[in-house]
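The two complexes that follow have chain A in common; it is paired with chain B in the first and with chain C in the second.
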Partner chain A sequence: MSGGAGYLGAMASISAEDVPALYEGAKFYSPAVGDAGRSSVTSWLAGLLERNGPVPLMRVESVAPDTQCIAVCVLGSGSAMADLPPAGDEFVLAVRQIERLQKVTFGAVYPLAAATISALVPVVTAAQLGVPLIDADGMGRTFALIHHTAMHLAGVSPTPLAAVGPTGESVLVEVLSGPRADRMLRANVDTVGGWAALAAYPINAGTLRRAALPGTMSRITNVGRVLLETTDPEALVTRLGAITGCRRIARGRIAELEHLSRQNDVTIPAHPSSLVVEETGGLGRQLRIELRSEIVAVFADGALIAGAPDLMCLLDVSRGALATLDSLEPGDLVDVLVTPADAVWYSPEGMEMVGLSSHGIPLEHPRRR
Partner chain B sequence: MRSRPSTLPITLGELARVRPLAGAELHLADPARTVEQVVLAETFDRLRHCLPHELVVLHDEAATGGWSLAAALHLAWERNLSAVVVSRTVAGASSAALAERLAMSLIVIDDDPIEVALQLAGQVSAPAAARAQRQARIAEQLAEQTGIRGVLGVLNRELQGVPVALVVGEVVVAGQAAALAERPQVRQIEVEVHAAGERSAARMVAAVPVPGPAAIDQVASLLRLARPSLQAAWARSRLDAAARAAHEQAAFELLRRLETDEAPSWAAELGWQVGLHNRAIWLAPERPEGEPSDEVTYLIRASWQRGHSIWPLIAEGDGWISWHSAADPDDVTALRRVLTGFRDSAVAHRLVLGVGRAHEGVGGLMRSAAEARLAAHVAREAGAGSVQWFDQVGAAAALAWLPTTEIAQVADLTLAELMAAKDRAPLVQTVLAVLDAGGSLSQASQQLGVHRNTVLARLARARQLGLTYDEPGQRLALHVLCYALTTLWNRSAQPDRSRSGSEPSRP
Partner chain C sequence: MSAPTIGVSLRPERAYAAVVHGATAVPVEPVAPARTDADGVIAAAVAAARRLAPGGADAVTVDIAPVLLDTLLRPESDIPPVAVVRIVPRAATDPVLARSPAEVVERRVAGRWTVAGGHDLLGNELIPLDRAALAEVTASLAATGIRHVAVVAAGSQAKPAHEREVADAVQAAVPGARISVASDYGGQGLTAREATVVLDCALTALAERLLDRCERTLARLPGDVRLRVARGDGGYSTPSRIRVTPVMAFGATDALELCGAAHLAGLDDCRVLLRRDGQDVAGEVRHRLAVVRLADQPRLGTELVVPTAALTPQPRQSSRGADVPLVLAENPDLLACVGAAIARPASWLDEVAFIESADELERVRRDVEERATAMVMANGAAPGTTHIAETSTVAVPYSPSGTVRIRVRVAGAPDDALAAG
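Take a look at the complex of A and B:
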């Protein structure tokens, strides 16, 4: 990809210089994740791209419709990955297993979710396999389960899928229904080392064209550039808004962190907790931010003003950087940013899968009222 | 208790005072809010169908904490509910803050929400029963009180927003003085408190806001409930006070007859300090009317000893004596503070105060008492509430004893011509000024603020009218006459000087 700073629109390739921006942008779309394991993965990817040259980034329309494509991502916890770093061949091995099973050769790789570390590993895989990366993904952010994808909503099965752990062991799953695949995989992730390289959703580019969310890899790189470019919160919010459609719904000071051991919906594994922010300007509202593994809802004076599948994140005003959920302290001044998710998630099927009710909040989404 | 119990809807404030909410953590935005029905809400959907003035008890799905309580409070605010009741496990400090922000009452309970809801439903459907329960509880609390302040404390605590005071005459003896303030939308209720022998000794006054959290008849019945405790406490404290007054009076008499200057040991038993430098204060009625009654002594003692109960107060002649003993004879800060605090009471009871000088020992106390009494006589010149320090009086105190009225009558007879003259006042004033100045015309003209020639002219006219001040044989008599007349005229020219409260100038 060409050099230079600032917004670049859709990109043609990803090179070693793009890695920091890619990482920062990937973090914006999954603000819950901490920085553990950052350096190992980014330096690994940067080294690969320097050795093998840039990875071509192709729009899904520009790939031949019969090209076989495979999605990759990291399954399991980021901290486990920091403890037990990848040997390096896990993702390639996972792809090769599906190739052997289906007797095909994959001509392109795409991210299952263009966010977190899972936005980086498809670049790694493409560089290792020597194939192009497709500028599209299945979530447009992160959701908790592997069938929470646009492909699943379009009727594409996630299986057959292969998961390879850092120990070299692998699990191959073939099921008829997507939700079953996730349950079977989760049972195995701990055993294979706490995290696993996942290869799933093997489809041809023609199907991918109608099933995936386009342009998301370019988008996170551009978001990352903005985040690296400035630490002025006002400029950040304005520029991020131009790229992602996000807006600031409040600025406030964290008043209270509540850790609750209350009943939780069993479909999504996460510990619910709650964050109270006192708005500093405007109406001086009391914001209550509901946390699972991410921010799932924002209440202002008890009224729901944003909720999943909206992407909500906190901007640390004093640092001009995104605040990860594990770094929050009472007294921090934060901007609450809300980014709309891709339109497919606001459909009735999408809402049922990743909306507020999936987090045990039986309220009408503010965008649908 | 009443022939027809009130069927008014029960208020939050009333509910909060009986079980099961009596022990709950209350964040009441408006205790006067009525509660018309109780709803046990299990889901948000149920919450969305609540009607105004309902009290909602959250339970199960609607009470999972965090967001759910915030959302429930918001819904309650939208639906204009009376209050939200929730289990303590889900309510944090921020929930209380949000409730306050939305002006929504939040009640945090420790018990099972379902049981609480059932009990509340019973209370709301039969408000009279809940009120009776509350009265029974208050009656128990009142019965435990042995003092007047304790009884008034219970009433003021239980009747939030309704100040209650115990009043003797127009003076608040205990409770909140706000009960006497006349304000719009406030109705005053009075209940007589009888002393022994069916004599009305005092009144309980409650100012009930209308409309307010407590109905008039409930307040009245509570006051009646408090009456027996109050009468008992009143009678006891009067017995105590009467015994103590007699004791102190006798002890002071003994002290007066004491030969030595050393403080006897029994003085300390009464809480008296006499060993150091004693400074006496004489409290006297502005117009002496013989020995004061026990009731007045009781009231004066109550207000004099408010906040500094170790200072004695002994009825003595037509007034009362008190004193302050300190190591440093010049230290009068404590005394000044007390005098300032007593000023309102002094005006209300039409008292004047005299302060003696500080002298050492028992003998010193008696001397200071005599000085204070003298100073109090001088203070009468300036009206009720005034304070006179003996240090500032000196020998001039003698003039305060002059029977000015009688002397003025002498003037009417002996100086008829002068008294008939229209300009008699400036003439007498001028002669007095010249005599005061030892015959110096220039000093007199300066003091009067007139020209020396005017002084000369007035003197000449005064002499013509019989005021022969320059005859040595008559000078003293005329000087006294002029002084008496001027004092009398000044007093009648300023009939109400009690409000000025200032210390009198040299007479």
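Take a look at the complex of A and C:
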């Protein structure tokens, strides 16, 4: 990320050289999906940035308050997107639909969730539209549903929103309630191939200042640089801890993967599954890790030691790289890392929306004890 | 004690061999004026095996991966041009998305066409196959004179109907064409699946030549010594299977070196430190099998859907993975030969399925395991010796509830093990 001295996000830009770090950092904040689509998406973005030039990355405070902004992300499965890559125009088509509906021209793009592929596609969209990218997002990681955002907590509606699938087909949703928008979208996403380009939360920069989480694109790039610097797990955990606040809570070998291990709520993507890890050092505890697209809780010998909205991820000790949740194998040696989420998620409203109880685990969060 | 086995590593500059008999591994050096190419080294190894045991060796497992990689990396090498037919709902609007991100792959592509069609990951048709466009594509392709055609369709690992129809149409329009279809390999990711079939097409003639030569050499030698071919996952397959799926042999050397080092150290489970391009890298062996993954192939610049050993940079003093012993590998040529000699028939499946209950999950998992077992038998396993070496089922994140990814690795004992008692 090129820029002057001082705050990294201010008056900076994202260039083709930043793409590998951006990708790795984005994976840290949502280590759900493996790398099957990596080379396709990163070369697409790098090609765009080489052809069109770097994308300006701006603090939301440095954008004129009346600038119209639009959030974009990938809705659906990264695995589906890997097998059915974008034609290339889906995100711009989605943005244009909202522009036509609202009779506005968007002057900036921001990520709905600065994590996983959804952190890269806003850069793609900004490069294609020739507008700046705002260094802020709605989640600071990834949550399952499109209204699980800081904007929603601030009273901003995700609609009108448009989703364009790899088939070229699109859906325009105008509803009053964010949760209903997500439910209406899911069935359509499956129909168009398992993923869609989403444009949502059209608001002006003045509103975005109070509603979004600042600095998250700069943050993932910094995290990505650390992940690319070394594969030594000790050095990685130490350096990541210094910039994200993450800490290792256990190291162990994966012993078992279980499915349908908790009651299923079909309004949330992916079914609940569990991971059993035998701690190799320390107290020799048995860890039970509850999954639902992301890691939602970690128990040690039956006691809850971490839970959503904490960001929990696994570091493959042997490879010195993040272990993505779609590629876990019994026998893998992993470090369990826990990173605090943005403060907004520990508020009563945030906890109610994305905390443990939203995953059917009605226990008090460890950070509140 | 069972019969000796021979491992041969074909490198671009020369061939190497070793004979393994029980715990003994003997490197084979052809005696001057014998040649150090495949013929000379195989002949010397077969003779060495007869000196170790009166009956000589039953089989030679050959690693052709170094020659395949070297040929691919040399721009001037004599590889046939490949045509790619991609079946997706819409053609790419960005030139980067229309091609492979890997230069090594794209260099072999002489023409590209897109036909509208394809399915999702669970096999649901997204749009009907555009048969009018297919007719135009086959006519255009026939006019180019290209005879090696790679066909990849979105979702063909779940529903290969569109891919097969396109392959049939190409075969009709281009008689004698060598067609590789992505559904033969399964796996995830259109880019990786396409790269796999492009390389498959590109390497067919070379693999054919290499295996013909090895078989001719063995036919001239005394005894009935069978040829086997090392796979990327460190197992082996039959020459007939590798002739039609040569990319399965790609990247075998890493896994063979790991297994060879573990064997010489007398360990079933360990970490092995190898040297690659002047750097220390580590891989793992678990239960005498190399740990393999679907990872980026650094020298190709893309992922394939063929699993290969997972190697990671690791300084010698690092204590990473300290709960298993660390083996410092030396003499990589010997290790690859030892790994080839002790290789076992293997198979791997990686699929996506939809389940609604624990019973259905069990049924789907059993079905995948049975198919993987049938594949390992076809690759040369003795009846009754196969076992599930690894199995994992994970929920596919952000997919509809019930979508699972199932990976199964099956290994067996060589089909001559029982006969040898």
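Everything that follows uses one rule, which is that the second predicted complex is superposed on the first by the 354 of 369 C-alpha atoms of A that agree within 3 Å, B and C clash if a C-alpha of one lies under 4 Å from a C-alpha of the other, contacts with A are read in each partner's own complex, and residues count from 1 in each chain.
Note that a residue touches a chain if its C-beta (ideal position, glycine included) is under 8 Å from a C-beta of that chain, and two chains touch if they have at least 3 such contacts.
Just so it is clear, the model here is predicted, and its values are computed rather than measured.
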item: Fit or clash - chain C, chain B, common chain A; value: fit
item: Partner chain in contact with A:A303 - chain B first, chain C second, else both or neither; value: first
item: First, second, both or neither for A:A12, with chain B first and chain C second; value: neither
item: Partner chain in contact with A:A82 - chain B first, chain C second, else both or neither; value: second
item: Partner chain in contact with A:S327 - chain B first, chain C second, else both or neither; value: second
item: Between chain B and chain C, more extensive residue contact with chain A; value: C
item: Partner chain(s) touched by A:T231 [first = chain B, second = chain C, both, neither]; value: second
item: Which of chain B and chain C A:S273 touches, first, second, both or neither; value: both
item: Touched partner set for A:V175, first chain B, second chain C, both or neither; value: neither
item: Superposition-derived minimum Cα distance between chain C and chain B (Å); value: 10
item: On chain A, the residue positions that both chain B and chain C contact, one per complex; value: 260, 272-273
item: Complex interface listing, chain A residues touching chain C; value: 32-40, 42-44, 47-48, 76-80, 82-89, 144, 166-168, 186, 190, 192-194, 231-233, 253, 257, 259-260, 264, 266, 268-273, 280, 291-294, 317-321, 325-331, 333
item: Sites on chain A touched by chain B in the complex; value: 255-256, 258, 260, 262-263, 272-274, 276, 285-286, 288, 290, 297, 299, 301-304, 360-363
item: Chain A partner contacts - residues on chain B that touch it in the complex; value: 43-45, 61, 64-67, 70-75, 77, 90, 92-94, 97-98, 101-102
item: Complex contacts: residues of chain C adjacent to chain A; value: 88-97, 101-102, 118, 120-121, 126-127, 154-155, 157, 188-193, 271, 282, 284, 286, 291, 293-296, 301-303, 310, 312-315, 318, 320-321, 323, 352, 355, 357-358, 361, 390-405, 407
